[in-house]
Every structure is written in C-alpha cells, then in structure tokens.
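As written, the chains take the letters A, B and C, and residue 1 is the first residue of each chain.
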Amino acid sequence: MKASVTAHRTYTVSRIDDRVYGAFLEHLGRAVYEGIYEPTHPTADANGMRGDVANLVRELDVPFVRYPGGNFVSAYNWEDGIGPKEDRPTRLDLAWHTSESNEVGIHEFADWAESVGTDMMLALNLGTRGIQEARDFVEYVNHPGGSAWSDLRKKNGRADPWNVKLWCLGNEMDGPWQVGHKTAYEYGRLANETAKAVRAFDRNLELIVCGSSHANMPTYPEWERTVLEETYDEIDHVSLHMYFRNPEKNTADYLALNQKLDDYIGTVASTIRYVKSKKRSKKDVTICFDEWNVWYHSNQQDREILDGANGWPHAPGLLEDIYNFEDVLQVGCVLNTFIRNADTVKLAAIAQLVNVIAPIMTEKGGRAWRQTIFWPFWFASRYGRGTALHLVTDGPGYDCAHGDNVPFVDVSGVHDEAAGTVTLFVVNRSQTDTIELDTRLAGFGKLRVETHKMIRHDDLEAVNTADRPDEVAPQDGTGASLDGEHLTCPLPALSYHVIRLRA
Amino acid sequence: MKASVTAHRTYTVSRIDDRVYGAFLEHLGRAVYEGIYEPTHPTADANGMRGDVANLVRELDVPFVRYPGGNFVSAYNWEDGIGPKEDRPTRLDLAWHTSESNEVGIHEFADWAESVGTDMMLALNLGTRGIQEARDFVEYVNHPGGSAWSDLRKKNGRADPWNVKLWCLGNEMDGPWQVGHKTAYEYGRLANETAKAVRAFDRNLELIVCGSSHANMPTYPEWERTVLEETYDEIDHVSLHMYFRNPEKNTADYLALNQKLDDYIGTVASTIRYVKSKKRSKKDVTICFDEWNVWYHSNQQDREILDGANGWPHAPGLLEDIYNFEDVLQVGCVLNTFIRNADTVKLAAIAQLVNVIAPIMTEKGGRAWRQTIFWPFWFASRYGRGTALHLVTDGPGYDCAHGDNVPFVDVSGVHDEAAGTVTLFVVNRSQTDTIELDTRLAGFGKLRVETHKMIRHDDLEAVNTADRPDEVAPQDGTGASLDGEHLTCPLPALSYHVIRLRA
Amino acid sequence: MKASVTAHRTYTVSRIDDRVYGAFLEHLGRAVYEGIYEPTHPTADANGMRGDVANLVRELDVPFVRYPGGNFVSAYNWEDGIGPKEDRPTRLDLAWHTSESNEVGIHEFADWAESVGTDMMLALNLGTRGIQEARDFVEYVNHPGGSAWSDLRKKNGRADPWNVKLWCLGNEMDGPWQVGHKTAYEYGRLANETAKAVRAFDRNLELIVCGSSHANMPTYPEWERTVLEETYDEIDHVSLHMYFRNPEKNTADYLALNQKLDDYIGTVASTIRYVKSKKRSKKDVTICFDEWNVWYHSNQQDREILDGANGWPHAPGLLEDIYNFEDVLQVGCVLNTFIRNADTVKLAAIAQLVNVIAPIMTEKGGRAWRQTIFWPFWFASRYGRGTALHLVTDGPGYDCAHGDNVPFVDVSGVHDEAAGTVTLFVVNRSQTDTIELDTRLAGFGKLRVETHKMIRHDDLEAVNTADRPDEVAPQDGTGASLDGEHLTCPLPALSYHVIRLRA
C-alpha cells in the first residue's frame, strides 16, 4: 500500500505559533509536590525545586506553563500562596479532595518557570471569586510598584513585575463538576467584566475564555456561541480541552480519535467566525487548546482518592497514567492535528507536565524519567516550529467508530524557512501493513534527508519505568530516500516517524 | 354525635421520622440571650447556659435544633461568633433591628446542644454571602483537622468535629423581606452550586433548600418548581414554613387552618414529584417543615421594635406570644397533620424553642415555665414515634373559611411496634358538642388502655404564667373504653386527647 | 426683534428643591488632591484643606457635594480611606488609570463638608461589591455607636454619626466602561436588595438609582424602565448625567443642546410615571441630575493619561477644561432647564467642583480662581431658590441640529415669596441681534428692578486664568425698565442676564 503526500512551499496553512507546545501544571496529585518541588530531593536547588525534573522540562522546551489549575483554581485563593511559608494556610481542595499546603505559590512557581526558561500562563478563579480578586492578582503579578499589592510582592522578595501576558478567565466553567459552575450566560457576563477590569492594567494582556470542556458536553457548542457573544471584544482566545482514551483496547478506534479533535476545532473556529460577523468585529479570536493528552490508565485508582476514601491526603498519586507505546502514536496524531490547524489553534498545553497525566514521571526522593509520550512531544516542540504546510494526501483508509475511510497515514509538514528545513511528522495507524510514504516536495529547492527518526515497539502496551526508562524511545529510521522532489519511505505498521529534510 | 375511626395495622402511611419533632432557635429577641443563655442566672452552668431552660428542653426531647436563623442568618457572618468573646464584634442585625453581641456562637450553641442531647441543624447565609463562606463554615464545623479552618476550631477549644449532617441552604429566600432576597432562579442557581461545594466534604450531608415561606406567597408554588429544577440532584429536603393566626377571634376558622397546611404539603409533594419525573431522577426529595407554630399574639408590640422606635436593642422582648388554651388545640391539629403526612414530611421544627413564639418562657434572672402549647408538643414528641397509621375517618363536620365539612374531630394514630403501643392524638374542634369517638382497631392484637390524657379549659384564652404555670395542663381523661377492637371515648367540646393503648 | 414672556404668580411649576444646586467631587485628577486638599498650601488648615478653595466653595453655597465618584467608586473600597493615614493602602484606580493614596477618605471629606457648610451625598460601590459592604459603610457613617463599625468610626476620631441622607446606589452602571458594568436587570436586582438592606438602618434615607449615563446610550430609556421595575418601591430618585460639547465650534448647535436635555428629562419623567402606574404605587420618584456640565476642552490631553501613557500618576491634571465665555451661556441655559423642570428634577450636581471640569481652578501651591462658568452657577444658586414660574414665551427662533425654531431667548423665572422677589435668568442665543425682552408680570404686586447683572464678552473664547481671573465676569446690565407689570430690557447678542425684581 502507498500513501501519497504533496507539499508545496507556497501552499501553507499558517505560521505555527510556538506556543502550541505549551504545558500545564496544576496543584493536583504529585505534579507540584514531589513533581517540580521536593526540597529533600538530592537534586533540589535552594528553592526546593528538583534539578532532575527541571532538566527534563528544559528538554521539552515548552514556551509557557499554565498554572495553577485546572479545576483546582476555581476555589483557590492566590493570597494563600504568598508570604512566609510558615504562615500559609493548609486548605482543603474540593476539586481533587486533597490537602493543599500552599508551600508552592506564585513566587515559587515563577522562580521555577524562569529557571527552566518558560513563561507563565496564569488562571484566575472565577468559580468562587470575581472581579476584585482577579484585578488584585494581576496587580500583584504585573504592576511595577507603588501600590499596595505590588509593594507586597516586593516585600515578599520579588522586585520586578513578572509581566505575565497570558491569563485564563477561569477553567472549564461549563462543567457541573466545577466549583462555582456557571451557565454560559452567567460565565460570559462575569468573564467579560473581569476581562475589562484586568485589561485596564495592560491592554496587551492575552485573555483566554473558557470554551467547552470537551466536545461531548451537552452545552457544546451553544456554550461557545453564548460566551463569545458576551465577551468577544474583550478576549483573545477560546480554551478547549480534550482527553483521549482507549478503555476497551480498540486500537483502530483509539488512533482515529483525532478525527473528533479536528471536528471539534473546526466547529469552534466556525462559531468564532459566526460571532465575529454578528458583532461586526474586525478582531480575530483563536483557539487555546490548553488541556490535551491521553488520560484513562489511572481512572480506576483515581476514583478511590476522589471519593474521599483516604480522607484529604496531601499530594496523593492522582492521575498517574503510565503511558504505553500505543499512546505515542495517539500523541503523534494529536500534534499533527494541531499543526494542520495552525491557523486557528494558536496556543496549546499538554496536560500535564509532571506525574499527573504527564510526559515526565518521578519517584519521591528518587529518579525521574521520560514516559513514552515524552518523545513525540519532544520532536514536535523541537522540529515543529515554522510554517505549517497545506499537505494534500491520498491513500488507503479504514472505517471505524469515528469516521469512514480514516487514512492509515496521519501526517503533518512544517517548513522552517530560517533553518532551511522541511519536517514531516508521520504516523502509520495500520495494525498490519507497512505503507510506503510517497511524497512530492515542490518549491523547496534541493533538499537532503538530515534526520529520520522512528518510534516503534512490538508491544503496544510497552511502557517506560524508572528501571527501564528507555523501553520505548526513538531509534534511527531506515529507508527514507529522496530523489529530487520525490521522497519515499516505508512506514512499518504502527509506527511514528520524523523525517527532517534540509536544503 | 359520633366520629368513627378505623385503624388497621397493615394500612400505614410511613414510618415517622423522629426528626419531625425538631425545634428552631434563632438569634432573635430573647431566644438565645435570656433564653438558653444567661450567665448571671442562678441556674447557669459554667458556659452561662440556664439549667432550668435546659431541663425543659430535655423534657421536649427534640432530635435537632435549627440554628442560628431564620431571617437572622441572611446577613450573619459565622466567624463573628468564634474566638475569644472579648474580640467578637457587636453587629446590627437588619432582620430584627437589634444588636447582636455574638457572645453565643457556634461553639456555645454546640456545647449546649450536646448538653441537652440534641443534634444541630445549621443554616448557611445565602443572603449576603456565597459558596466560599459556606464551604469554610462546613469545614470549620465538620472537618477533623489538619486544615486552616478545622485547626482554628481546635484552637478555639473544640478538638473533634461536630459532624453536623443537616444544613439549610439559606432561609426563606423567596421573601422580599429577606436580606439578599433572590428570585427563584437566582436562588436555585446559588443553592445548587453551594450544595455541590459543601457536599464535596461529605456526600452524606442532608441539604435543605428553601421552598415558599408560606402558601400565600405570590410566587408559590412556581418557586418550588423553579428551585427544584435547578437543585434537584444536590438537595434532600424542601423547607416550608407556616404560622397560624386568629387575630379576629374566630375559633371555627382558626382551628380549621390545618386544612390549608395539608393542602400546602400536598401541593409541594406533588411539585417535587413532577420535578423528579422531569429530571428522570431516582432520588426522593422530602419536606422539612422547619418553621411552624401559632404566631400573632405579639404582632402589635413587635411592630414597634421592628420599626426601630427603640433603636437597636440587644435581646428585646420580640415575638413573645403568650399562648392560650385555644392554641393547644391548634398545635394538636398541626402535629396530627404532620403525622398523617409522615410519608412526605420527614423533618419539622417548631418555631421556636424559648421565649420567641415558644413553648418555653423565661424571666430574666428568674423563672422558666411551660406555655400551653408545650403540652401537645410534649405528647407528640414522647408518644408520636413509630409508624403513622392510615386512619379512615367519618363523622360530622362544619363549613368555614378554609373548607366545607371540615371534620370536628381531628385525629392521628401512631403504631410503635417495638413498644407495642398504639397512640391516638385527638382534637375535638366542636365549640358546642361532646362527640363520641368510635374507633375500630384491627390487627394489633389484644390491647389495653394504658393512658388517656386530656387538655381542656373553660376559657379558650386561659394562659400559663410564671405565677400560674399550670393553668393549662394535661389532666387525666375519662371515659376511654376498650371492648376488644372497639375503642370509644367521649370527647368534650374543644378538647385535646392522647389515648395510648398497649398490648 | 422682540421676545415676549408672560409670568403669573399663580402659574407655577413647583417649589424648586434647593438641592438642584449641588456639586460633585470625585477622586479624579486634581479634584481632591491639589483641589480641596493640599497640606503644604499656604492657606491649608490643620486638616490640610485649602482655605482659598473652601472660600470659593462657600461662595457657591452648594447644598450637598456628591462623593467619592463617579466611575471611581465602582472599584473603591471605602475602608481604604479610614484609620491612620500611614496605614492606608495606595490603590490603582482602574477608572482613571491613576494612583490613589487614600490620604483623603470619608473622615477628611466629612470634616471639609462641614467646614464649607454643605451636606454629603455618598455613593456606594456596586461595581465590584455588594450588599454587605454597602450596609457596613452606611453603618459606619450613620450609626450612633455600640456596634463594631460605628465604634470604629469613633475610634477613628468621629464621635457623632454623620447622618447622611443621600446615597447613590452605584454610578453609571449602564456604561460598559464601568468596572463591574451590569445589565439593567442585573443592576436593578442588586440595587433593590442593597436599597432594602441599607434602608433597614433608616427608612428615611433618600436612595438614588442609576439611570442612563446619557440620552445617547443604546439602552436608554429601556434601562430606566427595567431598573425602575426592579427597584421602584425602594428608591427615591433616578440619577441622570449629561455633558455638553462644542468640538466643532458650532455655537448655534451648541447653545441649543438644552433642547436635548429637556427631552431627556421629559422622557425619564414619563418612564417613571409609567412604572409608577404599572406598580400601582402611590409613591413618587424624581430625578437627581447628579452630573452635568460642559466637558470637551480637555479631551485631547486626557486621552494620553487615560491610555496609560504616563503610567499610574497620582492626581494628574485630568479633565481640566478651561471654560470660555460661550460656556457661560451654555451653563445658563442648562440651569434654566432645571428650573423649568423643577417639578421632576429635585436634585442636581454640577460636575465637578474643583479642577476637574469645574467652576473653581487651582495652582499647586498657588492661586485659586473662578472659571467663567462659576458665575451663572453662582447666580442660580444665590437667586434661583423659591418657586419656579410657569412662563409662557413667544419670540423668534432658529433651526439647528437639535430642533426647529429653537427660541433665541432662553429664560426661567423664580418667585421667592419669602424674600418678595421675582428673578429672571435670561440668555440671548442670537449671534447677531439684540433682542428686546418684553415681559408681563401678573399678580406679584408692585415691583421694582433691584438688580440687573449681565455677562458678556466680545470674544466667545475668552477665559479666566490665574493671571486674569476676572476676564469674564458679571457686570451691571443696562436698560431694564419696569412700567407697572411690564418689564422690558434689551438683550445684546450672546449675553447672559439676571434681572431681579423686588416688591
């Protein structure tokens, strides 16, 4: 079988916003505590931040980290996390049924973000709080000084403002599980007034309004329409979330889930366009896909904790999905989908970064390692910057729950003019057949194959562990062959590929 | 004249929830101050709680006491009532135009409740406050420790959580007089989100949502429908209130008011059923009739205080209805109505307990005594536990403002299988005639008349005072005669009876 | 040309409420700081209040001053302005993009108001706050003592309550620019519940609800209808605002703007009447025109400050309109309009009092002087008290953007029975012609011309400055002649007149 791909330098989707490779870190489970922060760890720095984890985060080169939630934020008081640590209150977090010591707050997170070279995206609590507390937080974080809140920040050890540009107006406010859940209209009104208030500090903030928590929400996509009608002029991005699951071990269906993702993005982009027209607005609003990942491996064990069976533990092992090789293929397809929608998806965040449904895992007091899904994210973050190419593809497909004739080969292409590279990210979803990739590359001049990396494993369920951290890892690919503008490469069944060409 | 009653062991309404004999205590007038609390009183204990009042409360054996309001709660900050007494603020209570010293708060009330052997039903302020303060209060009261609020409770002297199960989501939120009055939709939304937040601490809380303040509210029963549609899945009981008045001294109309009560209960039960079906819910919601009593004797004097003529007094003599013999009959009929509706009315609270429209009265520094209505409540609380019998009745009636052919004889029957008793509570509303009670008791085996008590007085307006505390009191009844399954008893005009049979 | 006017003692509009001559003072620009307050000024009193400014305010004899905003109030926390000055926080004011030191708060303002002999009208923050903070503020200001808030006022140096009667329920809540902007329904609900709560302290408070910010608002006059339907029973006055501009230097159009003002007042009065009928209410609601003035001269320079180009300055020179002679005529026409609508406009406030679009200007550390518009306000405040006469006028007019046949002569008449005076306020809007005023005065008995003052200048753009403070000032008028009941007076083109007759 053969899958043909045509790429032409002039036919592009859009410049890819680097911020599509962001990540998410919530006060949830062991993401913060025993994740990025563990003062007693051998690699901990003066602030108690694990050096081994920081190094792995640096490898992923994420342009921003979203913080501190997630559901957590909807009852979070940011003031709990400032000032002397011994004075900070222990809170019970209703979202995850755990205790929050507040040892890590905005200062600790900000220092860590600086140390790993990433920006902050901060979320405001619009569950139990409103305009006043939001404006105070923005003032604390972004105002140079001379006001009560900014001077308190200085007193707490940070002289310069952090100048955070990305602010989330709450989190998943369409979800009945959210503390202070709101109707679309209630939320739209609150988000709009909060947006105006915080924007008074800085007109150039990028404000992110909550879209639907997932495409199966009963309120989707009316939620988006209503919220946007109330907020359009004041916000910049719509937040979407999607998690991918394979509880019934149906690989064909599972690996086709990005068809639904693509439809979700397209529907919301269309809704944005509709409201833009209705508002006679000249402003564009784009999508911030700030939670996405595979999430289902840990469902069973999580339930016990969330049901409160263990009381209110601090930093329990919640949402600790152990990813397998199959998930590599899924994550590859998801990232391909974002690249193909680079005109509408301008920001995204893998959920999450450490321990909690995360590419990086840690042992308390011990090792940190890369999960299987670390790798497709690493490749995309490293090589997926530039301009998304509008590829025309043709090839065999299969019928499944999520569509007819879903192509076996899922591919995206990125042209980095500055570097002089063209990169193809390719997944072969076929469970049985090697498929020949047959690509025509037009307008890029003379190229050579610089890199061909592949991820493949005989066992779909193979995982990386502390003891076997490289069980699933990239290897050199074979067979990529370039003849003028004609690139061919055999794609073994169930394999992930990065093929990088350079002038 | 003769009134026939048929009782059959198998034909029952429902098990009576003991909590139908609850009571209400509000920070209002002299209910708390000079009521349960008076440090300088000769009988005061170490906490300043009057021993004489506590003893009378113990006599009534109320399973729970609702606290701290009522209208009071809708602008109440529970934190005002914790910590060292000398630091507690004096507040002006807008609901009752009085000053509140906050000498009694949750700790003092909880200790008192334990000492008199009753549970607490606590009300949350949904007038001026919202989710955050509600969750904090529940955490303070119910969380074992290890969090800021629960540790503060410990610091304030209470190590163990109180584990309060019954929580009211505000009070009479349909009433324009309520501070922070809300529309049905506004309230339903707030109650639902607050319910979810506090339930995160404990899924087994029993949450009580506000129904109509009375059946004459212009919003009744649309209020119930709307509120239940917004909250059904998150709440357990609907709160109803009703007060009975005879300002025009029309005994016939007055004593028939429980016809309206019965219709009120039936309508709300039907509304609950409608919403249950609409929601496709499997869960039952029942009625919590948490304010009921006679209230009108004090209206004139109250008006002066509420109009602010005296400024903002602390613990003025507000709502100090002095009850007469006629009110005994009314209270008897009301309690009969609750027993007959034992399938839907699962909780109720007489409003209130001490001094304020209350069965127990006190003198400052002096005596405490039982008002006339103490007695029918005492009998029901003592003998009215078990299973409510579905009685079939037939007999003469009268036409009045509240219905045609209202039966002269109002009766309820309770079967206590464990104790082996059958108890009849009977009121003869006829102002002129002795009526012969003619009862067939089937399926209970051989019984004997263990007790027959009667309350009667020649003067409908007779009252109990500190000097004549037993002017209206139970006396032995006469004439109850059992012949096999056939019980007969003459019921003098305007009399209240308890007839207890034992196997 | 001749303009005839008929006045008859019996044909009156209404008693003029003295409070139509109120003023407004906001924490904005240099109104407070360097306006009324400047501790280092040579004339400053012990409280730091400028004596020269206070004297000029006393000249204007304003019955009340509205405080502290305006847009400022919608994110203002009144507690920031009490207690030791060194402990008061510096806040960033989102409305005017400035820093607020809180050196002046309610105590300082109240002392100043007492010293200049005016009452306070205080505004409540209904932007970011609600019922609780409003009730606390009213308690702090008006409660004699014995409660936490009132005792704190005493501790802060003020033993007696201030007994403020006039309270604004927020400011311009229909404006999207307002922090915490609300829909008409949202605002109506909040205003109603807040009104009820604060009225519990004192039923005689006069509460002012926000109407439309101006007659060009897209929500006008539906805003008024909706808000009044939600609040009618609980409020006393509807707040309206209007500013007058002549950016295109079209004098004819500019001086006819009070035609729009008149229509605005009439429309809102009619809307009030409609809601009154719909509510079957016996209560009257009137208009509080609590912001009005010329405002456009400073627009250009203001924009820079409001755009944040200078950061967040403290007390920048915002809204410092320098008024010219043309504005004297405008202000004269506006005041005439209020007098002619004395039956519906019961309160009004010139916006503002010092420096910010104000009749009084100051130099930092230096001089204070009267702007041109000081004078028509001074005359109206001094001579415009009594009963508004229902004048019948006839005379030549002109067509312009705001109406056809707008009369050249704009006139109002006031009868002060106690003083035995009749006063005419007259503006000749003709740019070319002297017009002969031809007045018939019936029923006032024998009168004499006591005073005839005129304001006129050859240059419409003439202004008063610190160096030339009397460039535009009243002068003696000439030509007023009374023959029995027949008063005649030549009115030069573009001139303002006060003619006072006495028995």
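In this text, a residue touches a chain if its C-beta (ideal position, glycine included) is under 8 Å from a C-beta of that chain, and two chains touch if they have at least 3 such contacts.
Going by UniProt, the chains are A, B, C = non-reducing end alpha-L-arabinofuranosidase.
Quick caveat: nothing in here was measured; it's all calculated off a predicted structure.
Q: How far, in degrees, do you have to turn subunit A to put its CA atoms on top of subunit B, rounded to the nearest 5?
A: It works out to 120 degrees.
Q: Between subunit C and subunit B, is it the same set of residue numbers doing the touching on each side, over half shared, or a different set?
A: Under half of the interface numbering overlaps between copies: different.
Q: From the C-alpha centre of subunit B to that of subunit C, how far is it in Å?
A: A distance of 55 Å separates the two centres.
Q: Among the residues of subunit C, pick out those that touch two or more other chains and give their numbers.
A: none
Q: Quick check: in the complex, which residue numbers of subunit B touch subunit C?
A: By the definition above, subunit B touches subunit C via 75, 89-92, 94, 97, 99, 127-129, 176, 179-181, 183, 186, 308, 311-312.
Q: Mind pulling up the subunit B residues that touch subunit A in the complex?
A: Checking each residue of subunit B against subunit A gives 130-132, 135, 139, 143, 146-148, 151, 189, 193, 196-197, 200-201, 203.
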